[in-house]
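Paired with subunit B in one complex and with subunit C in the other, subunit A is shared by the two complexes that follow.
On to the complex of A and B.
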């Protein structure tokens, strides 16, 4: 209840400061990032594994949706296809780590992320390569959704559905098993939990949610290019989960708001700097990196997390 | 032709191997997955450019100065920031090093002199061709291979015969027992980061004559992850061998396979290695 109230107040402040259209289009992005963040928080926060390739799953969702939308497929066919393919990529990425866990996931998801980025650049005949891909507006039941209000409503509705699903999963037998695997793998295996299958399940569901976020992202941005889905995006999503606090699902929502607002605050700051202080892109990278370091050092459990440190790894 | 491609592959593999070596060294000693080796490599190369072009130091002195400066920077970063990540989740430390890497990359990019012009590091024999009978080899590749061999010989001697080297190995094998034997575990963490940074800087100095010196040159360090996994993630010699293997495979793939496959080979190999040889391609005995 308190969280809802805070969100409402924040929303009103945003509308008052930024104007309704701008605030609404930003809220569409916050909701989209939050869906991807929910997926990653299943993998990182619940199952206690590392994914360095979440940006690539989002990219697969975005590109599949973009290509099918260009080909004229209706969204209720193309969106499930995009989500399914992203989930399949998540399953493939989870295979090497099924047996090994821990670092193997970091390495295999890193490899998948770099392969997907390379594939998007090189497979020019389909993806348009580095030149990018223009995506038509989302069209639901004959209605073209292109304004900020429509985008915000669709994203928020899907976020609510995704959040409800995650809440159910986390509260269910699966969620308890994930936390058991996270805390102590040997003990989890001893009570009959199939650790490998559960890890894979976390990656399938997490990558599927990232794919869903990618579907929305493709339409909201209307233009896709491979470098949007590089390692930088994967790390931004990790930061999103970390900022909000990985141990709780609601952390993804707070993290998404911060991650969307941060680059804009930083660019306000760099615009105010005198030009001879060097290139703005360098200062932006510097400021973002510094924030990451400070948050990790000062609030290791996330800004929304008052509990103990999130996701301490066993072994 | 084939011999030239092979030596160029071995030379690139040496750079991969050195970065992988620095990564595994840090990972084994401190348990931290470092995502900033590429930035350390880049900074090392820039430090040498600054000392050579900016301060007018002779080349060898500039190289030594750059490596020493990076050694100090590694120790300083461990003492001030990275130490706090010890004992935390893998992910925390990984994000911390990624953030620090961004700080370093951003700081270099923000300096106008670093981005507005191309920098080169002259190296002895660069641009020359050395003929062994019918086989012609590019000078810079030969220098890189020889320098790597010397560096590895030095490291091998350090780990086998020096007190600090033995202590560092003991600490990587079992920190508790090492501490009971009177080894300062904290000190070894600092040493591991300092050595890791210095090694990355060496890789940067060797890479510099093959490419330009620019803020994005650290991207090559991503290839260190496949190299480290191919080497089994826990062996220093394995990491070096993994890097060499990767460099050669990439060079051969570039020769025979279509454009673009070359860059993907490393990551495809990484996936295969994790699936089929999770302990690395080589039978390891520790470093």
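On to the complex of A and C.
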């Protein structure tokens, strides 16, 4: 209750400081990125795998939704299709994990990111290629969701659902098995856990969530091009999870807030700086980098991570 | 708990208190204008000089007293070429900064993601740095474009080259993105008008550094003119590769390769390269008096030499200012749009084109001119090709 109220007050302060549309638009993107972060957090934090290509699943979700929306499909058909295809891609991406481990497997996920981006460029007849794809606004029950308020409400509602699902998974037998695989694969196998299948399951669920984030992203941005789903996005999502704290689901929320909203806050501050300083190229990137380093130094296990754990890791 | 609720209420009240002015971004003293640039991403090398050129023109106008007493203020946001960041920046500019118009936003993904928001908010979307036709088509009262589309000027440039030099076998090397495709369409259309076809076309991925296989392929096809839809580094790479293997074929690069960096980086191997210029590069040597004085001022102000992007930034600000002045003392979006639709500019001291806008056509210029690298600099060899 207290946490909810604090969030509400923070939100109100943001609205008062930034203006409603600006704050709501940010919250829509924060919630969307948090959904993708939750997915990656299952893979990285729970199952202990590294996915360097998570942006690709978001891209698949976004393009499938975008193309189906252009073709006139209603969202209650197109969105599940987009999520399912992204999840299927996640399953494919997890297959090399049956034979490869550690860095070698991580490299194979990197390849997925490259393949998807290239595929989106080359498959021009369908995706529109490098020229991009304009996506119509989201339409739910005859209502067009194009304003920041609607976007924020839809994103937040889906984030709550996704968070609840993740919590359930993590607390269940599956979650315990994931953590067993993460801590010691040989020991997990010895007690009868099918490590390969569990890893695949993490990828399917994680990629599905990324696909869901992609569905929202496609509508909020209204224009898709392959370069948006390149390696940079994958690394951004990975950064999001580690900054927030991979071991806890709440880490995805914190991470998303930092990745999406922090650059905006910095830009507000640089506006207040004298013109000579504020307008210098790269000032905002520099400030962002410094703050990230600071966060990692102070909270090595991520913002949501435990301090005790941090101390142990540092020691 | 009570305190929290009270705080909530106060915040709500504050949020509702923001009153709006008659025309957003326009007060008795000031006109606020937004621009979304890439100052930290992959094309920051273009974004910084564009912003500097714009800021310089705005300050000039302010030093002369502004527009009907109103000072121009440029509000710059950095997108880092990330459309998500750009969308948030647009919301901020629309709501917090309350700008009058958006001027010279940079990058196709950024422009395509933000333009709908800007148009929906009823603000003019002026002269974005994007080759996408959606920036002026279909006709929208709030969309204006200044830059000649690749398709149009490459069509004319290729026709001019083929008719004057008698090429029979034209080939194309292109970047496989929207830029490369636009150029290809223009080149193919131009050749078709002369009853020719591309004898060979080959692509590369953005960021490529090795062009050996592409050049070999174009050479094997026996091309006598190679059109390059490349940017600076790739232009240097492709031309150097051809010269290295002893192939002295004529090459023509788009305006994206028309940059002083091309001959600075490529050195002697670039001699004889043809290019298309939409805005001329500001060389101090041989400059007219006004251009020379402008270059000096730019150098003093930024401690750097201006390039063609600085000129373009200055140029978009200049045409925008002419539109503002045409709108008169009582500035509204409607008056501004009306003034823009009647605007015809004259050639400036840079040697750039004259721009014409009308109620039916919001694209100011469709033409480029031919240039060639001679003695280590670009020399203009034709006027604007109709």
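As a convention for this text, the second predicted complex is superposed on the first by the 262 of 315 C-alpha atoms of A that agree within 3 Å, B and C clash if a C-alpha of one lies under 4 Å from a C-alpha of the other, contacts with A are read in each partner's own complex, and residues count from 1 in each chain.
Here is the rule we use: a contact is a pair of C-beta atoms (placed from the backbone, for glycine too) under 8 Å apart; a residue touches a chain by one contact, two chains touch by 3 or more.
Keep in mind the model is a prediction, meaning the values are calculated, not measured.
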Thinking of the overlay built on chain A, is A:109 touched by subunit B (first), by subunit C (second), by both, or by neither?
neither
Per the contact definition in the header, classify A:200: touching subunit B only (first), subunit C only (second), both, or neither.
neither
Now for A:238: first (subunit B), second (subunit C), both, or neither, which partner does it touch?
first
Would you check which partner chain A:95 touches, where first means subunit B only, second means subunit C only, and both and neither mean what they say?
first
Check whether A:296 is in contact with subunit B, with subunit C, with both or with neither, and answer first, second, both or neither.
first
Let me test your reading of the model: by the given contact rule, A:284 touches which partner, first (subunit B), second (subunit C), both or neither?
both
Does subunit B (first) or subunit C (second) touch A:260, or do both, or does neither?
second
According to the stated criteria, A:46 is in contact with first (subunit B), second (subunit C), both, or neither; which is it?
neither
Applying the document's definition of touch, where does A:152 land relative to subunit B and subunit C: first, second, both, or neither?
neither
Shared subunit A footprint, subunit B vs subunit C, residue numbers 121, 279, 281-282, 284-285
Which part of subunit A faces subunit B closely enough to touch in the complex?
44, 50, 95-97, 99-100, 102-104, 106-108, 110-112, 114-115, 118-119, 121-122, 231, 235, 238-239, 242, 276-279, 281-293, 296-297, 300, 309-313
For subunit B, which residues count as touching subunit A in their complex?
33, 81, 84-85, 88-92, 94-96, 98-112, 115, 215, 222, 225-226, 229, 233, 259-260, 263-264, 267-268, 270-271, 274-275, 278
Once bound in the complex, which stretches of subunit A touch subunit C?
5-6, 8-9, 12-13, 15-16, 18-22, 25-26, 29, 121, 129-132, 134, 146, 148, 217, 220-223, 225, 227-228, 260, 263-264, 267-268, 271, 279, 281-282, 284-285
Residues of subunit C touching subunit A in the complex
1, 4, 7-8, 11-12, 14-15, 18, 39-40, 44, 47-48, 51, 55, 75-78, 80, 83-85, 87-89, 91-92, 94-96, 108-109, 112-113, 116, 120, 132, 134, 176-178, 180-181
